[in-house]
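Heads up, there are several structures right after this.
Two complexes follow with chain A in common, the first pairing it with chain B and the second with chain C.
Right after this comes the complex of A and B.
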C-alpha cells in the first residue's frame, strides 16, 4: 500500500454539514414539528403600556368548544423570569409595556385560540407613562416597579487612574453624544416552542434556546419541576443571534399549558409578534468626554450612558459587561471612567444580540475617535495607530491582551483599500456641485474571543466513542443553532483521528445526552466546545496509538493516524487499518478495551470582581473595517460600494464558515447603520413588519474584501479565536465615518436613513448660505 | 393609539373559484365578494380601509377575459391579471407607453413582480402604488365590469377620476377592474423616479413619473404625476400647463418646482416627514426637467 500523506482538514474549505439539507428545504425546524394529540397555544397581550389590571374574565373563552385550557397569573405559580426576575410570564396585577402577556389559551386549532382570545375580557386602570430615560430618572416620574422607586434597574460603574490628572494633561478636550436605536433580530424562523409532559410529570421542551443547561436551572424550579425532570431538546433553529439567550414568557407559558392539559402544546409567534414581543438590541444614549495631548495621545476618557431598559430586565441591561470594556480599554487610555444606568420605562425591553453591547459602544467610540482625529488634524488611520493597544498590554479592567494585533488590522484594512489617498481626495469635494459624493471611513473594535466568564462556569463537555468500524460519535454539550459548530467539531475529529469528516456522527442539542455547556453566546463555541472536542480527540488518539504501538512495536510518537490507517509518522507508511485495530482492541478477551473518552474544558478566564476587574475572556481579538460609500446628496440615499475587513481570527478553522460569519455579520451591521429601526411611539412599535422594517437584502450587499490575520492563539483549539461578533460590531461606524468623509456632515445617531442624511446636508447648505451672506 | 393587529391575514367564510368573467361578476353581485388576484396586497393588508369588501373570497386568477395584453382601436388593453413581469416583457407596450416598463422594472422584486397584477395595483388604490403615476402619465382609463340583469355590463373611467381617497375609488363593491386601457403614444420622453434606501422591495416615500414630447430643451404636452404625496396618486396639471412647450431655463424650472409644491399635499408618517416628501418631489422634478433640457 502507498504511503498516506497528512491531510490538512483544519484550515481547508469545508461545506457546512447542514448546508445540503437546508438548501434542499429538508430541515425540520421546531416550527415544523407536530406531536400526536398536540394542542396549539396563543397569548393574549395587553394593548396598554402602563396600567393596573382590575379584572380578567376568561369564562367565555373557557366555554368555547375546542378550548382545553385558559391560564392567567391567578391560576399559575407566581414567579419572575429574566436577569432580575422582574418579569412574570403572565401578568396579574399590572402591565408595563405593550407586549405584556395577560392570558394564554391552548386549543385544538390556532383559529380556536384566536377566537378564545377575543372572548377574554380585561379591565384596566391606566397609569401615567414614561418612555424616555431622562424622564424616568426625573423626580416624581411614574414608578415602573414598586421595589425600584428610582427606576434604575441596574447600575454599572468603573474607574481607573485619575480622571482629573488626565484632564490636566489634556490640551484638547472633546465631548459629544451618541444615541443608538432599537433594532431587532428578524430571525427568519419565528419564535416557537413545544412542550410535552409525560405521565410521571417529566417535561420535554423543544426549544430554540441558546443556553439549554442554564435554562433548566432558570425555569424548572419556578414551574415546580425538578431541573432534572426538564429535558430540553433544540431542533434546528431558524436563527437566534442572541434573541434566545434568556428565558422569555413564551416558554414557561407553553410548559404551564402542557402541564395543565397533559397534552403536547405548541406556541408559535406570528411575524408581528416576533417584531413586537421578542427582545430588541439595547438602545443606549452615550455621552463621551475625552482628552488628548497636542500630539493626539489620549489622556482620559469619561463615558456616561443610559440604557432604556423598557418594562423588564433581560440581558440588555447587562450589555455594559461588554460595552464597558470598549469604553475603558479600546485604545490605550490610563484614566478612565465608565457609568451605565439601565433605566425602566414603558418601552419594550432589550435582550442580547450578536455584538452584545459592543455594536452600540463601538458606534459611539469610533465616531468619537474620528472626531478627535480631526481636532488634532490627523488622518483617521494615524490617530488610531498612535493610540492602539499592543501585544501584552493589560487593560485598566484587567484584560490581558496576548496574541493580539490591532495595529496590523488597522494598517491592513487601510492599505488594502488605499484608504489615505481616497480619504484625502474626498475631503476636497464637500462643497463641489456634484450631486453624488464618495466617502471612505474606517473603524476598529476590540471583542472577547475566548468566551466570557459571566456565569460561574464558561465550560463545555465532550464525550467521544469509536465503534468497531472506525466511526466516531461525539456527544457534545455545545448547541448547533446554525453557526456551524457541528462542522468545526467534525473537522477537528477528522484532523486529529485521520478519518473522513463523514465518519463523524454528532449527538447534540439535547440536555439528556449532552454534558454541560454554557450556551451559544460571546463568540465562544468554536473556542470552548472546539477545544473540549480537540482534547477529547487527543485522548482517543493517545489510546489508539498506545494500542497500535503494542501491536507494532513502534513507539507511539512515531505513529500517526491518517486516511483511516495507523501510519508511520515520518513517511506515512501504513502500519494497519484503523478499523481492524479497533476490533482487535475490542475483542481482546481480558485486555479488551473500547475507545470511549470524555473531556470537560473550563477556559482559564476569570469573572470580573466587584470592582469590575478581571481577565474575563481567555482571548481577545480586533478587527478593522473600511467602508467606501456613495451618497446621493439630494435624496440622502447611501450606497455601500465596497468593504474591506481585516480581522484577527487566531487561526482559520474553516474559511467557508468564517466567510459566512463575516458576510452575515456585516449584513446585520449595515442594516444597523443605514436602514433598520424598530420605530416606537408612546411605547408602541409602529413598524412590526418587513414592509417597514428594512433589513439588507442580497442586491444591496457590497463586495467584501477579507483579510485574516492569524495570530495563533496559544489557548484556542489549533490557535483559533472566536470570530462571529466582530464583523457586526465594526462595520456601522466605518459607514458613518465614510458618510462624513463624503459630505462633511456628522451623524451621531443611527440609522443614517436617507431622510436624516438629506436633512443634514440641506441644513449644512442653509448654514453655509447664511454664513456667506 | 394605533395598535398593530396580530392577526396575520383576513379571514373569509366562503370561497369561489371563478373560471370565467360571468362567474366572477356573479360572485361579486351582492357586494359581499372580495376579489383576489396575485394576493400580494390582500394577504398582507394591514391598514387600508375597504380592502376586504366581504366575507366571500373570489379567486379571479383563472378568468381568461382578464388576461393578456391586446391592441384595439388605437389603444392597448391590459387585462387586470397582467403581472408586472408581463408588462416588462411586452414589446408593443414598450413602444406605446414606455413609461410603464420603466416603472415596472423598479417594482418590488422578481418574485413579487411575477405575482403582482396591474388590476390589483389599481384596485388597491394605495396612494403609493407604483404603477399609478406612470398610468396617469399614459392617460390610462380603467374598465370596470359588473353583473346587471344576468349579463356582464362594463363602464370606462379615466384613471385621473378613479381614485377618491387612500384605499378608495369609484369602483363599486360589485365591480371588478377588468382592464387598464392606454392610448398608443409612441416616442414620448419617459422618466420615473422612486425613493428608497434599498433598490429592492421598497414602498415609495415618493414616486414620480413624467412624459411628454421632448425637443429643443422643451417638454410639450407634458404629464407629471406623483405617488405618495397626496391622498391619491395625482397629476400636477398646473405645473404641466406652466412648462408646456416652453424653454426649460433655470427660472422656469424654479417656478415649476414652486407650482408643483402647491399642488401636492404630503403627510408625515413613520416612513417620512412632510419636509422630506416635498424635498424628494422637488429633487425628482428638478432632475427630470434638467434632464429634458440638457438632453
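Right after this comes the complex of A and C.
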C-alpha cells in the first residue's frame, strides 16, 4: 500500500454537516413536530401596559368543547423567571407591559384555543404608566415593581484611574448623547416549544433554548419540580441569535399545560405574536464625555447610560457586562468611568441579541470617536491608530489582550478600501448641488472571542466512542443552532483521528445524553466546545497509538493516524488499518478495551469581581469595517455599496462557515443601522409584521470584501477564536460615519431611515443659509 | 364546522385526493394533512417566502394559497426535488456553497431558485437577487445563496454555449 499523506481538514473549505438534510426538506424543526395525542396551546395576553388585575373568569372557556385545560396564576407555582426572577409566567395580580400573560389554554386545535381565549373575562384597574427612563427615575414616578421603588432593576458601575486628572490633562473635552433603539431578532422559525410529561411526572421539553443545562435549574421552580426531572431536547431551530438565552413564559406555560392535561402540548407563536412577545435588543441612552490632548491622545472617558428595562428583567439588563468593556477598554484610555442603570418602565423587555450590549456601545463609541477625530483635525484612521490597543495590553477592567491585532484590522480595512483618498474627496461635496453623494466610514470594536465567565463554569463536556469499524460517535454538550459547531467538531475529529468527516456521528442537543455545557452564546462554542472535542480526540488518539505501538513495536511518537490507517509518522507508510486495530483491541479477551473517552474543558477565564475587574474571556478579538455608501439627498435613502471587513479571527477552522457568519452578521448590522426598528407607542408595538419591520433582502446586500488576520490563539483549539458577533457589532457605526462623510450631518440615533436623513440634510441647509445671511 | 371540498392534484408526481376545509391554506394542507413539512410556516402572511412551492410552473406562497385552489394543479415541493438520483443541482449547489445555516428559509429559497432557473436559466447576479427578494433569510446575508444559484446559472450558460458550437 502507498504511503498516506497527512490531510489538512481544519482550515479547509468543508460543507455544513446537516446541509444536505436541510436542502432536502428532511429536517424537522420544533415548529414542525407533533407527538401522538398532542394538544395545542395559546396564551391570553393583556391589552393594558400597567394595571392591577381584579379578576379573571375562565369558566366559559373551560366549558367550551375541545378545551382540555385553562390555567391562570392561581393554578401555578408562584415563582418568577428571568434574570431577577421578577417575571411570573402567568400574571395574577398586576400587568406591567403589553406582552403579559394572563391565562393559557390547551385544546384539540388552535382554532378552539382561539375561541376559548375570547371567552376569558379579565377585569383590570388601570395604573399610571411610564415609558421613558428619565420619567421612571423621576421623583414620584409610577412604581413598576413594589420591591424596587426607585425603578432601578440593575446598576453597573466601574471606575479606574483618576477622572479629574484625565480632565486636567485634556485640551479638548467633548460630550454627546447617543440613543439606540428597539430591534428584534426576527428568527425565521417563530418561538415554539413542545412539552411531554411521563407517568412518573418527569418532563421532556422540546425547546429552542440556547442554554439547556442551566435552563433546567432556571425553569424548574416555576414548574414546582426538581431540575433533575427535566430533560431538554433541542430539535433544529429556525434561528436564535440570543433570543433563547433565558426562560421566557411560553416554556413554563407549555409544561404546566402538559402537566395539567397529561398530554403532550405544543405552543407556537404567530409571527405577530413573535414580534410583540420575543425579547428585543436592549435599547440604551448613552452620554459619553471624553477628553484628549492637543495631539489627540485620549485622557479620560466618562460613560453614563440608561437602559430601558421594560416591565421585567431578562438579559438585556446585563448587557453592560459587555458594553462596559467596550466603553472602558476599547482604545487606550487610563481614566475611565462607566455607569449603566437598567430602569423599569412599561415597555416590552429586552433580552440578549447577537453582539449583546456591544452593538449598542460600539454605535455610541465609534460615532463619538469620529467626532473627536474631527475636533483635532485628524482623519478617522490616524486618530484610531493613535489610540489603539496593542498586543499584551491589560485593560482597566483586567482583560488581557493577548494575540490581538487591532491596528492590523484598522490598517487593513483602510488600505483595502482606499479609505483615505475617498474620505478626503467626499468632504468637499457637502455643499455641492449633487443629488447623490458618496460617503465612506470606518469603525472598529473589541469583543470576547473565548466565551464569557458569567456563570460558575464556562466549560463544555465531550464524550467520544469508536466502534469496530473505525467510526466515531461524539456526544457533546454544545448546542447546534445553525451556526455550524457540528461541522467544526467533525473537522477536529477528522484531523486528530485521521478519518473522513463522514465517519463522525454527532449526538447533541439533548441534556439526557450530553455532558454539561453553558450554552451557545458569547462567541464561545468553537473555542470551548471545539477545545473540549479536541482534547477528547487526543485522548482517544493516545489510546489507539499505544495499542498500535504494542502490536507493531514502533514507539507511539513515531506513529500517526491518517486515511483510516495507523501509519509511520515520518513517511506515511501504513502500519495497519484503524478498524482492524480497533477490533483487535476490542476482542482481546481479558485485555479487551474499547476506545471510550471523555473530557471536560474549563477555559482559563475568570469571573469579574465585585469591582468589575477580571479577565472574563479566554480570548479577545477585534474587527474593523469600512462602509461605502451613496446617499440620495433628495429622498434620504442610503445605499450601502461596498463593505470591507478586517477581523482578527485566530486560526480559521472552516472558511465557509466563517464567511457565512461574517456575511450574515453584517446583514443584521446593516438592518440595525438603516431599516429595522420595533416601533412603540405608549408601550404597544406598532409594527409587528415583516412588511412594516424591514430586514435586509438579497438585492439590498452589498458585496463584502473580507480579510482575516490569522493571529494564533495559543489556548483556542488549533489556534481558533470565536468570531460570529463582531460582524454585527462593527458595521452599523461604519455606515453612520459614512453617511456623515457624505452629507456633513451626524445622526446619533439609529436607524438612519430616509425620513431622518432627508430631514437632517434639510436642517443643515437651513443652518448654512442662516449662517450665510 | 366549516365547509369541506374535495380536491385532487398532483403532488411531486403523485395523484393526491383529499377533502379540505374552504378556509384552509395550501400550506397547512401540505404540512398538517399530507406530512409534507418541508415548506415552512414563518409568517403566514406572504411576507417571507419560507413556504414557497411551485404550482403549475409558478412560484407561490403556499401560506396565501387557498387549499381548494389546489384542485387540478401540478404541485411541487422541496420533498420532490431529490427523489431520483440524489439532490437536485440547486440543492447540491446550496450545500457546497454554504448557503445553509439554520436552514429554515432553505426549502423556500431552494424552490424559488429552482423556479427562477426554470424560467430563465441564465441570470445575472442582480437578476438572481431580485428574484429572491421575497425570500427572507436571517442567517446568511444571502451572498452564498446567490453564489449557489449563480453557479447553476453559469453551468446552464456553458451548456448553451457548447450546444451552439
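Note that in this section the second predicted complex is superposed on the first by the 773 of 773 C-alpha atoms of A that agree within 3 Å, B and C clash if a C-alpha of one lies under 4 Å from a C-alpha of the other, contacts with A are read in each partner's own complex, and residues count from 1 in each chain.
Just so we're on the same page, contacts are C-beta pairs under 8 Å (C-beta built on N, C-alpha and C of every residue); 3 or more make two chains touch, one makes a residue touch a chain.
Predicted model, so just to flag it, every value in this text is computed and none were measured.
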Going by the contact rule set out at the top, does A:657 touch chain B (first), chain C (second), both, or neither? second
Determine, under the contact definition given at the top, whether A:771 touches first (chain B), second (chain C), both, or neither. neither
Regarding the shared-chain residue A:682, is it in contact with chain B (first), chain C (second), both, or neither? first
Go through the superposed model and pick first if A:691 touches only chain B, second if only chain C, both, or neither. both
If you stack the two complexes on chain A, which partner ends up touching A:699: first (chain B), second (chain C), both, or neither? both
In the superposed model, which partner reaches more residues of chain A, chain B or chain C? C
Which holds for A:270: it touches chain B only (first), chain C only (second), both, or neither? both
Shared chain A footprint, chain B vs chain C, residue numbers 270-271, 689, 691, 696-697, 699
How about chain C: which of its residues touch chain A in the complex? 31, 36-45, 47-48, 50, 77-79, 81-82, 87, 91-92, 94-107, 110, 126, 128-130, 132-146
Note: in the complex, chain A contacts chain B through residues 45, 47, 114, 270-273, 276, 634-635, 637-638, 674-675, 679, 681-682, 684-689, 691-692, 694, 696-697, 699-700, 753-755, 758-759, 762
Contacting residues of chain B [partner chain A, same complex]: 1-8, 44, 46, 109, 195-201, 203, 205, 270-273, 275-276, 279-280, 283, 287
Along chain A, where are the residues that touch chain C in the complex? 15-16, 18-20, 22-29, 31-32, 185-190, 236-241, 270-271, 481-484, 656-657, 659-660, 662-668, 689-691, 695-699, 701, 704
